[in-house]
Amino acid sequence: MRRRGTGSWIILALASFYFLIPLLATFLFSLRARRGTLSFLAWAHVFKDPLFSRTFLFSVEMALITIVVGLALLIPTALWVHLRAPRARALIEVLALLPFVIPPIVLVFGLIRTYSRPPIALVSSPILLIAGYVVISFPYMYRAIDTGLRSINLRSLTEAAQSLGASWRVTLFRVILPNIRASLLSAAFLTFAIVVGELTLAVMLAWPAFGPYMAQVGRDLAYEPAALAIISFLLTWGSLALIQLLSRGMRGAATPGGVH
Amino acid sequence: MSTVSEITKGAPLARPSAGVLRRWIGLAPFLLFAILFMILPAGSLFVGSFQDASGGFTLMNVAHLFRPSILRSYWLTIEVSLITAVAGGIFGFLLAYAVTMGGLPRTVRSLVTTFSGVASNFAGVPLAFAFIATMGRVGLITTLLKQFFGISLYDAGFNLYSLWGLVLVYLYFQLPLMVLIITPALDGMRREWREACENLGASRLQYWRHVALPILMPSLLSSVILLFGNAFGAYATAYALTGGFLNLVPIQIGAQMRGDVLHDPNLGYALALGMVAIMTLCILGYTALQKRASRWLS
Amino acid sequence: MGFVELKNVVKTFGRHAAVSDFSLSVEEGEFVSFLGGSGCGKTTTLRMIAGFETPTSGRIRINGADVVEMPPNRRGVGMVFQNYALFPNMTVRQNIGFGLKVDKRHPDEIERRVGEMLALIHMEEFRNRYPHQMSGGQQQRVALARALAVQPRLLLLDEPLSALDAKIRVRLRAEIRAIQRKLGITTIYVTHDQEEALSISDRIVVMRDGRIEQAGAPFEIYNKPATAFVASFVGSLNVMLATVVDAAGGRLLVDGQEIRTAGPVPHGSGEAVRLSVRPEAIALHNGLPANNHLSGTLSNVMFLGAIVRLAVRTGDNELLLDTFNNPHLTLPPLGSEVTVGFPREACILLGQGEETT
């Protein structure tokens, strides 16, 4: 069809304008720490700050634990729904979608109220933070795993494995999981990106995570926040680029959606 | 001698006649977790919004929701969410259209999709920083405009730390989110529909008016609703941008939690309840429209 | 001059030539089928006539007017797509009336015309149904009605029945042909199903690799195939290796047995050629003296319903012969020696280097 797409190029140009200028401006801003010249002074400050590495590592740790707990919880659940309790699918999907209805600010409020008094006083335990992170990542993780299982025709694969004499453990680890590798990895990286940048839960529960650290820097310093913003952007980009790379050609990757 | 039907009945894994308990036992860990860390907290907020400081039943908190300052904050939050949802919806749709059906090369599409994934996750503290560095009082664009064009943004009335500034910032993740959600729907638009239209004598405009937009409408509406909910519940970005200064509902909730000024947690619970109610409406609207959309576009 | 004229039409995508030097003249009221496997260029050619593709070079004329520069929404050509392409947001009534609505006809006229079309396809009760509430066959009939509602001078169908079940396909193709005859509308029909093309076309254009292999009436295509490809693509064919003994006298040797063709053979003596015969032309124990005879062993009997297909092995070749089902049919046991016969006219010679499918 004769189509000349000039309108599309204009739209693309305008969009690029809006999206790239803030990034460029932020980067340039971060270079202006030393008066009169461009330098990486602000960046050096950031990297030399012991709090930077400490909070970053803390968040990374939390992210990894969240991923493990989340997958350990959701993979069996998704498998069970697919194979043994298809009627429960609607309920599980509602539950997995619930975190959208309960935004982090509301969730953390409820968590504090429920768990700040005896008999269960979890407020000062990292368990609460991790639980909160797991809840936030539910929708993305479940959707990724579910899509992955659906695309591999789970029932036939499992039945084939069983008819060949495989035990459940072998079937799970040698047949099912390797085939949904792309979904698992994309769920993991997405969760990683979300947890590392997360602010609401961490600040309300008073944990030394990367999000609150960035907020604090924003209050105290002028040019370092810009450097942090670029670092955070590159981190998210890296995680998502890895997802794209790993799930190229394979179906079942998670669709990112953003949590704030 | 068994009949064929008897032999083929009952696939090895699915045993419908097994007890209800057995069927649901595998879901127990997840259900337990959901109850402990989602249902219970939400429930306690619900209960708390009907309690006063000493624990007795009261409707005062809900009544307080209708205080002018609270109503103003709801209104402000709705305003921001509505504007960014509609604007993000329109511009996101245009961008998604440009990269899927607009005749642009394939590589552009995957670039835009990846970037949308990143941008929609970029919200929160870093995004606020980025815009402060760009359009803040000493931001790069602000100073550039003053130096080279003599335009003083802030004197002209622009303020990043206001409703419209927030709208500008929110669009940074709303627009890409729209692109991500609406792209599958655009992919589902069959080429043959447009060709059949042309074949029957319709112009491009008539195609959009009679066929394409009606078919896409459920998806467009459901996406806008999702965008609305997304903006409504956003806390981190607004907080990082204005330090809790803007009177938004999430900020109010945060303030109640941290014990700022009018420390009244029960009011906070009522606020949270109000927010959950609004979000539930959003999700219901979204799911209903999605069902309709998938019927036509799959 | 035909109603539709294509002259030396070429279409290339990058370096790949989808259609090469395609020339055809279609008379008014004629039903022409483009027949070929996937990738042969039949759909591309159709889409060029419709206006969804532009020829790289060549001329296309509809009713005398050059249409290559004309946009598709002005050609007055009706198109039916493989996957129906009904507008999902509209009822049957709205779908059929769409072309008329776009043409700004009066609502009363639209209603009347829609009624006529619904009667034509015998689907009056479906007036207010939505596409997703109908079966594939029903949707396709509505698609046909939609294309015909605007009274196009030319009707194009792009494999309209491939997505449907076999039984429905057979029924629907007859319906399409009946409607076409009734309206007298010039029609071009693209298909890969040779039985379909044979049964409903006035003329068949067999295509391969973007070129026309042969164009002619079904009877001609089947019984007088011009190339090896046409012979083997349309209908089934027995192909035997033979050596020329006497070119002028039309004598060949197959597995040591002599075969005579109806006329002289355009090859040199001693050359190896491929002799082909249709299964229905061969019969068991066909004792007429003017016929060719071959001896062999009965290797298989396949019951296909109306047809019984026998396989006879003669040396290097295995021949398939078809005979009608007959409850009183008695066959010799498998493995026994049998003689088969076929008339000389049934011999079709395929060239040495030409490929078959």
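For clarity, chains are labelled A, B and C in written order, and residue numbers in each chain start from 1.
By our rule, a residue touches a chain if its C-beta (ideal position, glycine included) is under 8 Å from a C-beta of that chain, and two chains touch if they have at least 3 such contacts.
Just so it is clear, the model here is predicted, and its values are computed rather than measured.
Peer 1: Considering only chains that satisfy the touch condition with chain A, which of them also satisfy it with chain C?
Peer 2: In this structure, the chains that contact chain C and also chain A are B.
Peer 1: Based on mean C-alpha positions, I'd like to know which chain lies farthest from chain A.
Peer 2: In terms of C-alpha centroids, the chain at the greatest distance from chain A is C.
Peer 1: If you tally contacts for every chain pair, which pair is highest?
Peer 2: Top-ranked chain pair by contact count is A-B.
Peer 1: I'd like the Å distance between the centres of chain B and chain C, where a centre is the mean of that chain's Cα atoms.
Peer 2: One centre to the other, that is 54 Å.
Peer 1: Taking the mean of the CA coordinates per chain, how far is chain A from chain B in Å?
Peer 2: 16
Peer 1: Residues of chain A that contact two or more other chains, please.
Peer 2: none
Peer 1: Can you list the chain B residues in contact with two or more other chains?
Peer 2: Nothing qualifies.
Peer 1: Return the residues of chain C touching two or more other chains; collapse runs of consecutive numbers into ranges.
Peer 2: Answer for chain C, listing residues that touch two or more other chains: 52, 71.
Peer 1: Help me check something: in the complex, which residues belonging to chain A touch chain B?
Peer 2: 3-5, 7-9, 11-12, 15, 18-19, 21-23, 25-26, 28-30, 73-74, 76-77, 79-81, 83-85, 88, 92, 95, 97-114, 131-132, 134-135, 155, 158-159, 162, 190, 193-194, 197-200, 204, 211, 214-215, 218-219, 225-226, 228-229, 232-233, 236-237, 240-241, 243-244, 255-260
Peer 1: Please name which positions on chain C make contact with chain B in the complex.
Peer 2: 50-52, 71-74, 77-79, 81, 83, 85, 87-90, 98-99, 101-103, 132, 146-147, 150
Peer 1: Any idea which chain B residues touch chain A in the complex?
Peer 2: 11-14, 23-24, 26-27, 29-31, 33-34, 36-38, 40-45, 48, 91, 94-95, 97-99, 102-104, 108, 110, 112, 114-115, 117-135, 139-141, 171-173, 175-177, 180, 229-230, 232-237, 239-240, 243, 250, 253-254, 257-258, 265, 268-269, 272, 275-276, 279-280, 282-283
Peer 1: List the residues on chain B that touch chain C in their complex, please.
Peer 2: 190, 192-193, 195-203, 206, 210-211, 214-215, 295-297
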